[in-house]
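Below, each structure is written out as structure tokens.
Presented sequentially are two complexes of subunit A, the first with subunit B as partner and the second with subunit C.
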Partner chain A sequence: MPLSRVIFILITLGLPFAFYAVFVLWPFVQAFVYSLTNWSGFSDQFEFVGLSNYTALLKDDIFLKAVRNNLLLALVVPFVTIVLALALATMVTVGGSSTGAVRGLSRSSFYRIVSFFPYTIPAIVIGLIWSQMFDPSAGLVNAVLTGLGLDKFESFAWLGEVSTAMPVTMFVIIWGFVGFYMVLFIAAIKGIPAELYDAARVDGAGRVRMTFMVTLPMVRDTIQTAYIYLGILALDAFVYMAALNASGGPQNSTLTMTQDLFNTAFKKGQFGMASAMGVVLALLTLLFAAIVFAVNRYTGGKDNR
Partner chain B sequence: MSTATADTTDSAERRADGARAPEKTSSDRTVTVVSHIVLTLWSIIVILPLVWVFLSSWKTTGEIFSSPLALPQNWSFDNYIGAWRDSNIGRYMLNSVIVVTCSLVLVMILGSAAAYSLARYPFRGSGVIYYLILAGLTFPVFLAIVPLFFVLKNTGLLNTLPGLIATYVAFAFPFTVFFLYPFFRGLPQEIAEAAELDGAGEWRTFAQVMLPMARPGIVAIAIFNFLGLWNQFLLPVALNTNEDNYVLSQGMARFASQAGYAVDFGQLFAAVVITIVPVLAVYIFSQRQLQGSLSQGTLK
Partner chain C sequence: MTVRGNQVDRRSILRIAMAGGVAIPALTLAGCATGGGDSSDDSSTSTGGGTKSDTNPFGLADSGAVEAVIFNGGYGFDYVTFAADVAKKNHSGVTFGVKPSTQIAQELQPRFVGGNPPDLIDNSGANSIGLNTIADQLEDLSDVFEAKNLEGTTIKDTLYAGVEAPGTINGKLVAINYVQTIYAIWYSASLFEANGWTPPKTWDEAIKLGADAKAKGKFLMLWGKEAATYYQTLAIGSAIKEGGDEVRLALENLKPDCWSHAAVQGVFKALETIIKNGYMKPGGGGTQFTAAQAQWSNGQEALLYPSGSWIENEMKDQTKADFKMTGVPEMTVSASPKMPYEALHSAAGEPFIVPSKAKNVAGGKELLRTMLSKEAATNFAKTKLAPTIVKDTVPEDGFGSTALQSQGKMLKDAGDGVFTWNFVDNYGMNQDMLVPWNAFLSGQIDAAKLTAELQKITDKVANDPQVKKVEVK
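And then the complex of A and B:
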């Protein structure tokens, strides 16, 4: 390899990679080490305590509650978002005439443009908007419900009741992402060769059958990608919680691991313990991705096609 | 509901006499009508909160609490002026623009250079580098946040805008490389080789020949990075706690954390509008190219 090329690679790849290693990779590695210590962060002194941070976490009811909340989010949010986005995308792309070529709904670009709006709004602002919408006395939701004659909603605290805080939070996150994935699925569906639909139609398949026999199998890799991104997001969810219920919600019903981690580190100064929480979060994230890949493969994805 | 039933029977009759007719059948009409209804409902769910926020931004806090549904009594700019000055949204906006612009430019330069180098000149160990970059994508930022705090503290970058820019660049870097790598892989090598035969060095081949050809990918990832960095919340909240350096998302979070009577709700709504409008306006005016390049880029 000529010297000029070596220099080129060092500058274009070596330099950015070194920078990335210092600010991203090195902290990741350090987190694993810190998770084995009792470091409080304010002194340079710490001792290795083995796995005792982890065993303490297993007995920490609040952290376990947070883990359960995150798992619930990871179970519901990706699924509902993707089903809704796919349904809306299907209506836009194959909602038109069933004779002749497969046609999209006419004048559908309006829906596509509007649905994408939330993706341009920062998550913290989405949270703020909806916490105002669901405000017990000044919010639009209760105003509309009482206007319809449902008096029990006059000052119903959506985010203050154990039974509704989590569902409302999920709704807000889903509201923020359906449009983006809808646009993505529309593009994916439009990329499916029209002959496949024509062939299915000749075989007498109706719209529902076509959706399950043609559309879904053809966009399954897009679904897999969407599932993983949404899962990572649901296991984080920090920013939405900061706007909707910064202190964990009624009886910690919307507390997430990330909130617990943040408080443990920056409010309580237990950096060793917080790092252990980070490791648990990372392991759950990897596990989630592995499950999604496994399900896709097991149900006849990529490698079996 | 009743029209739908009527349509179904109607279509059954029609099918009997002319199933092959190329015109729209009634069942088509039903599907089309139902689709329009569902999509309209969803559009309303999306737009209604935004319209309500816009209207509320012209009301006084008193009006907001007395009736959430009423229109503003007089349309004055007080809330907007107050939000911009008293709630410091102007300052936070400026900080955000500085941080996002600098980090976007930097990460696009570093990311495209690294992706190109990795795709064009594979060497022993470049596979390891690729997977290490991929690893940065897989692990949650939360895992790194505690050590990162001390990396910045030890380098004197904690609570500074350059420190924030550095972390933004570092955390946007892996996705940028991951996204652009296939674009550079897909470019024909012959063109680069021809350019080099004509006497262009590595640098000119990269900047003047190959980079322009990867343009669709670069536009798409630039948009993704812009939205991601503009949206960034955890990094500033943990690493940038000096109020003078707050970015927009932190300024907005302050409204949420001051829950109760201290909040001027009129200003809150005005601040939300100020935050949303610039990006939303750019999106509406360029939505065709934007959605095109986003979906083109993502499905690659």
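And then the complex of A and C:
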């Protein structure tokens, strides 16, 4: 290999790989090593304790509760967000008048812009705004409900009741993301050749049938990507939780693994245990992505070729 | 340009990359990042290179720098800057740097690991470092108490009784807590006067007052979700007065069934009645705590609020004019408690620590000594409306603050009957305890379930071999 070539490879592959190794792989390995220790986080000394952090986690009902909450989030949030975003995207692209060219509802560009607004607000601000909206005494939500004569909602703590805290939290996350995924799906749907819709319509397909027989199969790879992004977000969700219920919610009903990890590391001074939680979270994230890929493949996705 | 022929194909590059991904970390695995700390033993930590004398008891060198990182919370950090300016006058060659921080643990964690922590830290706030975690790495500060202050009096003779207790871990004074905090029940003297109410001395009186409040369309108490454990502080304080030291020791040493003690249960039952009767403002579990406190101090929707004496400063901008915030000691369960009603839960707060590995240990101690001088302590009391651990810095009129006046009165009435406890902070349990307390105050669980949940949290710490225990006698 000529020298110039070696230099070329070193620069194009070696340099990025070095960065990747130092800033991604190395911290992974470090976290794993720490997860086998009893490191407090504030000294340079620790002992190796084997897998005892992991066995302790399996018996830690607060952590297990957090895992369950995260799984619930990863099930509900991507599904609802994608269904809503897809429905809206269909409306503004192909849901319009059934005469003439295939098009969206009238004024669809206006809807598109409006529904994108929430995404332009930082997550922490979304969380803070909604926590004010759901304030039991001074919040807009309860003011509207009591104004309608529903006295039951006087001082009702949406984020403080076990039955409502998680649904409300999910609502806030979904509210923040529907607009973005709608725009993503619009781009995907615009990429579908119009002839397909025309042909389907000539064959007598209605809007619903067109959605299921044309749109969905053509954008399923985009859906898969969206599902994985949203799933990873739901497995983290730290920002929203910190703003809505920093202490884990009523009876830990909205506690997430990331919150538990943060408390364990910085408040309890058990970095070894916290690292073990991080490893579990990483494994669950990988597992989630693998499941989404597998489901897409076995239901006849594009990757099957 | 196309590249053809004998070339490295995509697959082999990926293969190399994969191998590298495994090999590089494996090679460096041996040298853990934590090994980066400077482990050279500084045997000269006790002296700073200068000559020791009464005016320079720690031997601070004539030149150099002192770095202080101060929690920038309710009290700000300007009081340390004030002390640094005073210290600068006495040590003109030394530079004193005072930096504010609200994320003590996150900011200083890498510096503790790296072995170059600052010389003085105010380890306070929601993101403070668990004292128990770093106790081994801190200087014993008893020589600061033994030293003479700037006015020439030995410092320990100028302090309130028992101030060393919260900073002492297994016999070593690792932290000097600077601010004297009083935990009490706070109310509006003007509102009580207008309605002819008196602050309750027992829980039965409190329940009766709750009925009076309800008749006026008000609640007895309220809470905010991040501060639900203020009621735990109230409950423990009240239970210790009722049952005496045995209650305190059982809790401090995380004894099994410590929450089932009759005195603790008495308080829980009373609180349960208050919640069941609707005297506790609902919705606190979803209300941000300062918003909830404003409903008390500005909206006057509830009569009583249990809190530490920082409450006046914290709610300064959100307190109704002529509120006349006043504190009284916690209620007792029965009319004949083991400790008198006047006994007071008071503890020094704002723990200042000096890490042993700091570059200028003498400088950290010298700054601390300056803060404990009459001049600096009086400045604190005057600007923050809170007493420090230094006695006699608050005049009779409390600089015009009713809350400060009542603090002086409570401290005087209590005499030697001052107590506190540390187990919640030592083991970082507050976060876990917030959960059952929010549920209990919302009426979702009853006193029995609250007891079980709290016991579970304490048992977990007690049975965790990884957690170093602090024995309290």
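Here is the rule we use: the second predicted complex is superposed on the first by the 281 of 305 C-alpha atoms of A that agree within 3 Å, B and C clash if a C-alpha of one lies under 4 Å from a C-alpha of the other, contacts with A are read in each partner's own complex, and residues count from 1 in each chain.
Quick note on the criterion: a contact is a pair of C-beta atoms (placed from the backbone, for glycine too) under 8 Å apart; a residue touches a chain by one contact, two chains touch by 3 or more.
In this text, all values refer to a predicted model and were calculated from it rather than measured experimentally.
By the touch criterion defined above, A:54 lies against neither subunit B nor subunit C after alignment on the C-alpha atoms of chain A.
After overlaying the two complexes on the shared chain, residue contacts for A:26 are found with subunit B and with subunit C alike.
With both structures placed on the common chain, the touch criterion links A:38 to subunit C but leaves subunit B unconnected. By the touch criterion defined above, A:79 lies against neither subunit B nor subunit C after alignment on the C-alpha atoms of chain A. Within the superposed three-chain model, A:13 lies in touch with subunit B and with subunit C [touch as defined at top].
Look at A:293: by the touch rule set out above, it reaches neither subunit B nor subunit C. In the superposition on chain A, no contact is made by A:229 with either subunit B or subunit C. Which of subunit B and subunit C touches more residues of subunit A is settled by the count: it is B.
Subunit A residues in contact with subunit B (one complex) as well as with subunit C (other complex) are 1, 9, 13, 17, 21, 25-26, 28, 30, 41, 131, 137-138, 246, 266. Residues of subunit A that touch subunit B in their complex: 1, 4-5, 8-9, 11-13, 15-17, 19-28, 30-31, 34, 41, 87-88, 91-92, 95-100, 105, 108, 110-125, 127-133, 137-140, 142-144, 147, 175, 178-179, 183-184, 186-188, 191, 207, 222, 225, 232, 235-236, 238-239, 242-243, 246, 257-258, 261-262, 265-266, 271, 274-275, 278-279, 281-282, 285-286, 289. Those residues of subunit A that touch subunit C in the shared complex are 1, 9, 13, 17, 21, 25-26, 28-30, 33, 38-46, 49, 56, 62, 131, 134-138, 155-162, 165, 245-248, 250-252, 263, 266-270, 272-273. For subunit C in complex with subunit A, the residues that touch the partner chain are 8, 13, 17, 20-21, 24-25, 28-29, 32-37, 39, 105-106, 109, 112-115, 127, 129-130, 132-134, 136-137, 225-226, 281-288, 291, 295, 427-428, 430-432, 434-436, 438-439, 442, 444, 464, 466. Across the complex, subunit B meets subunit A through its residues 21-25, 27-28, 31-32, 35-36, 38-40, 42-43, 45-50, 52-53, 56, 64-65, 67-69, 110-111, 113-114, 116-118, 121, 123, 126, 129, 132-133, 135-136, 138-151, 166-167, 169-171, 173-174, 201-203, 206, 227, 230-231, 233-234, 237-238, 248-249, 252-253, 255-257, 259, 265, 268-269, 272, 275-276, 279-280, 283-284, 287, 291, 294-296, 298-299.
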